[in-house]
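In the two complexes that follow, chain A is the common piece, with chain B as its partner first and chain C second.
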Partner chain A sequence: MNFFLSYIILAEIFAIVALSTNFLVGVIGIFSVSQAAIMGVGAYAYAIAVMAGIPFPLALLLAITLCALLNVATSLPSLRLEGDYFVVTSFGLQIVATAVFMNWSAVTGGTSGIAGIPAPRFSGLSFDEPENFVFLSTFALGLASAGYWLLMRSSYGRTLHAIRLDELAAVAAGRHVLQMKLGISAVSGAYAGLGGALYAIFMSFIDPSSFEIHVSVLILTMLVVGGARTLAGSILGPFIILAVPQMLTLLALPPHLIGPLRSLAFGVILVSFMLWLPKGLAGRKI
Partner chain B sequence: MVHMLQVENVTKNFLGLRALDACSFSLDQGEVTCLVGPNGAGKTTVFDCITGFLNPDAGTIMLNGETITGMNRRKIVQKGIGRSFQNLRLFEELSVIDNVIVCLADDSGNDPITAILRPFHSQKILDRKRGEALKILERVGLEHKADHFVTQISFGQQKLLCIARVLATQAKVMLLDEPTSGLSATALKNMVDVIRQLSAAGMTLLVVEHNTKIVRDIADKIVFMHQGRVLASGVPGDVLERRDLADIYFGGGN
Partner chain C sequence: MLFLQLIADGLVNGCAIGVVAITFTYVYTTTGVFHVAHAGVFTLGGYLAWYLSKEGIPFVLCVALAMVICAAVGAAIEKGIYEKLLKRQATPLVQLIASLGLLAVLQNLVAILFTPNVLQFESIAWRMKVLHFGPIDLTIPQVLTVFTAFAAVYGLIYFSTKTNLGRRIRAVASNRTLAEITRLKPFEVYVYVMAISSALVVLPSVFIGLDQAMQPYSSVLVLLTAVIAVISGGLGSIRGAFSASLVMGIVQNAVLIVVPGRWSIALTFTLFIVFILFRPTGLFATKIRRAS
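Let's turn to the complex of A and B:
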């Protein structure tokens, strides 16, 4: 296994999920801490569909559509609940999702997860190996980035910013705020679904721990480090955050310390950026 | 005769406090009506009731003969009533022209499908909207600041931008909440000119204004409010000469 390529691929997958989170947290101002759960649903949906014999493009489409719908449903409370209250709701959704992944054993395989998820093949070319898969993930990130860029520079993107900045003024201008929020939630969900499906393909094994609350927090940390609302920020963040565990392995620490130290490092990074560099490396303040 | 906007016996209570008490007045097309009265008279509540931000407890509001009481805020904007806010509420991280683009009545291109899957069409819509927004900025004299950020323009220009935003909604009736407060002498003259031009172009305006000199300058009609009631309405000469109203306004007595 090529470690460097794996790192690139995972960072690219998480960049797609970071873009998904950016749409919600950065652009429209819905502070969601459950994007890993949506990503998880994408991963499970893809895995289950593919293992049931559904061809790759259809399984991918299914995962994306399901996540888009689910994200719209889970964002609905934010239309009534502001800021902190929605964080609590979203936290609850994350816990529920993890519980479902763990306990709906007949479908999700419970705590042992789903193994042996087949990689797609195109005319003899298999995406089993990182050397091939990297093209797929780079292509997907390219598409996702283009979508983000187009959306942000459109009239729709400007209106989304306006809603975040002053919802009441946007209403006074006659904008259909509800419809616009649901639209961006759907796009955000689709991105998380794409990220989840790619994750399932690449790892070929998924279990509930891959989509727990700490992964949601990790994704938010990526966004804070990279910087909210910019394309560069969402791509930079995952590449930096995923490099941290690799860096720690260079320190020749006893293996039992690596886990706790990694969590500590993420925590310190998150707090430091919030305090001293709230705009992140290439973005704006959340 | 059908008035452009007619407010009839509108009453609004807030937990036992009667903010509006059977308010009635009307606006006619092309006229500037100044809403005057001491703080707490209910001027902003009138704005909120007309624009659907609040639902009156009783009474009716009619636009061109059509009842709009209880209609949702967005619908009322689409019907042609636009408002500005006392505390501006501009989109501060957006450029001047984007503030206008976001408020345009034209809602096309405001969906993710067009934005992502039809990029060329989306760009065409944006270009068209930019052109439209520039024309609106010209009407208030801000076209040279189009690409500045809101925080980079003067307070007077920010207040003009508020008017441009309301114009963008294609309002036929404009409710302006204290458009001249806090302005320098030059900015004030500028604002008065803009209000006059709008009125000359057929716009119906309801303006909350405290400065009696400006009221004399711009008003075709005055509606004087106190403690939620309309105490007087009529041409400026008549209303402003009334001793009892002046006493209320300047705190001389009751």
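Let's turn to the complex of A and C:
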């Protein structure tokens, strides 16, 4: 039962991060392979803040704000450019973040990471146990989904779609394209930060390997499989993709091959979906 | 003297990065695909050569065979995936995600077929042999890196300016629609370009592997450094990309005097991100056109 609950919780956390990626990849069409890095910053910021004695809501707010700012700062080049530079900045950000998590030992604990991150307590109810935590993660995903749904139906969301389809026309119609893109980057960063903080709470242990480039590719795979630009897609994707490793454990494989085989499976999934089903299972055209 | 040695090592690294850079830009400017899977071909080439040398095949033959196999893999990628996507008018984003998936496939195939661990060319005895050039010491693989890199650069320049196929490739790169009308068969050209680039990228892979060590996942870093060089050097120029790679190699090694090695990667990318924020068009102000 615990095993199943952990799966649900992790899928819900990754659904929030997939929504964050969806804002960038699906809604404004910016490639991102650094969502795990932003998520990692959220997780580390939350862990460090909580360990320093800052109360839960403030630590969460700190993680979310930091990630929003960071995402805006790093997507700035891609917003100003009509080119493929952003692919490099995105990859670069991911690599810089991993290097910082690994090497800034005084703060991040280096390769050994941070252990014993305390879970919040509300009126005697601790969120240590999956039975309780699942309510928190479900609530967070519900909030994030509602936010996504409302945002996409607002005039702001409609303008974002217009920008993706024809940026020049949006400018000509007097929309502040740069401001709007910066805004959605901030929202995307905040979602990744929330996902990261929840991840830190649930695992109670974080290390650089949890936020590597493989994880960014994993998140992108979730989005691609579920389908871009829809709420259903971002939620469906994580649930499907996180089930893949479980299915691989059913085959009797030598343990040192499990990691590469899992990544190989994700690679095959990415290529196949791009070739035959670029819309994903429940998405729209990208 | 340490400084001179660092500069020399940086120059060697720059040569290796340079070959990755020119082959990447060759693919990118011709086909328009941001071919991140190039890093996967790089990895595959090195491991193939390692495997063949372990089986007792002469070294030159190992490299040649690895190049032939990688050329075939490159051609297959173009034919089987990129061509299909291009014909369906997939967006650059879709092509990029497919390329990223391919990268994961290639790297992990290598990890599964060979080994996910760091490995060295144990069967090559001369890989540790050092030659002395005044105050500078270079290993034989390092010297070979430099030689093959210059051969690759000038060979590619000669090929693309003096031969018929090379000119045809440039014609397709500059205007695909026109090339199609004049029966230059762009899709056939793309296959050649991918094959040539995939074969050439084996060279730095093997020599870096010989000199240091190999690991299936480290090639992403090499490719990124190369792409940064391509962007700073001005897109589409083979000479520009190679010169920028040399500068990057030297700078990356020279900063080791003041910065500990583990921070050098982070420093390079942070500098690049800041640089791109303020000089989005690159050093030589060439505008990047979006792949379409």
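Just so it is clear, the second predicted complex is superposed on the first by the 284 of 286 C-alpha atoms of A that agree within 3 Å, B and C clash if a C-alpha of one lies under 4 Å from a C-alpha of the other, contacts with A are read in each partner's own complex, and residues count from 1 in each chain.
Keep in mind that, in the parts below, contacts are C-beta pairs under 8 Å (C-beta built on N, C-alpha and C of every residue); 3 or more make two chains touch, one makes a residue touch a chain.
Keep in mind it's a predicted model, so treat the numbers as computed, not measured.
Of the two partner chains, chain C is the only one touched by A:F91; chain B is not. With both structures placed on the common chain, the touch criterion links A:S137 to neither chain B nor chain C.
Contacts of A:S210 after superposition on the shared chain: neither chain B nor chain C is touched. By the touch criterion defined above, A:F31 lies against chain C but remains apart from chain B after alignment on the C-alpha atoms of chain A.
In the superposition on chain A, A:A186 makes contact with chain B only, while chain C stays out of contact range.
Taking chain A as the reference chain, the count of touched residues is higher for C when chain B and chain C are set side by side. In the superposition on chain A, A:L76 contacts chain C only, with no contact to chain B.
Residue ranges on chain A touching chain B, taken from their complex, read 147, 150-151, 153-159, 161-162, 165-166, 168-176, 179-180, 183-184, 186-187, 284. Touching chain A in their complex are the following residues of chain B: 51, 53, 73-74, 77-78, 82-83, 85, 89-94, 98-99, 101-103, 105, 107-112, 114-116, 119, 122-123, 125-126, 129, 165, 168-169. Across the complex, chain C meets chain A through its residues 34, 36, 81, 84-85, 90-98, 100-109, 111-112, 116, 216, 220-221, 224, 227-228, 231, 262-263, 265-266, 269-270, 272-273, 276-277, 280, 287-291.
Put simply, chain A touches chain C in their complex at residues 25, 29, 31, 33, 74, 76-77, 80-85, 87-89, 91-93, 95-96, 99-100, 102-103, 213, 217, 220-221, 224, 256-257, 259-261, 263-264, 266-271, 274-275, 278, 286.
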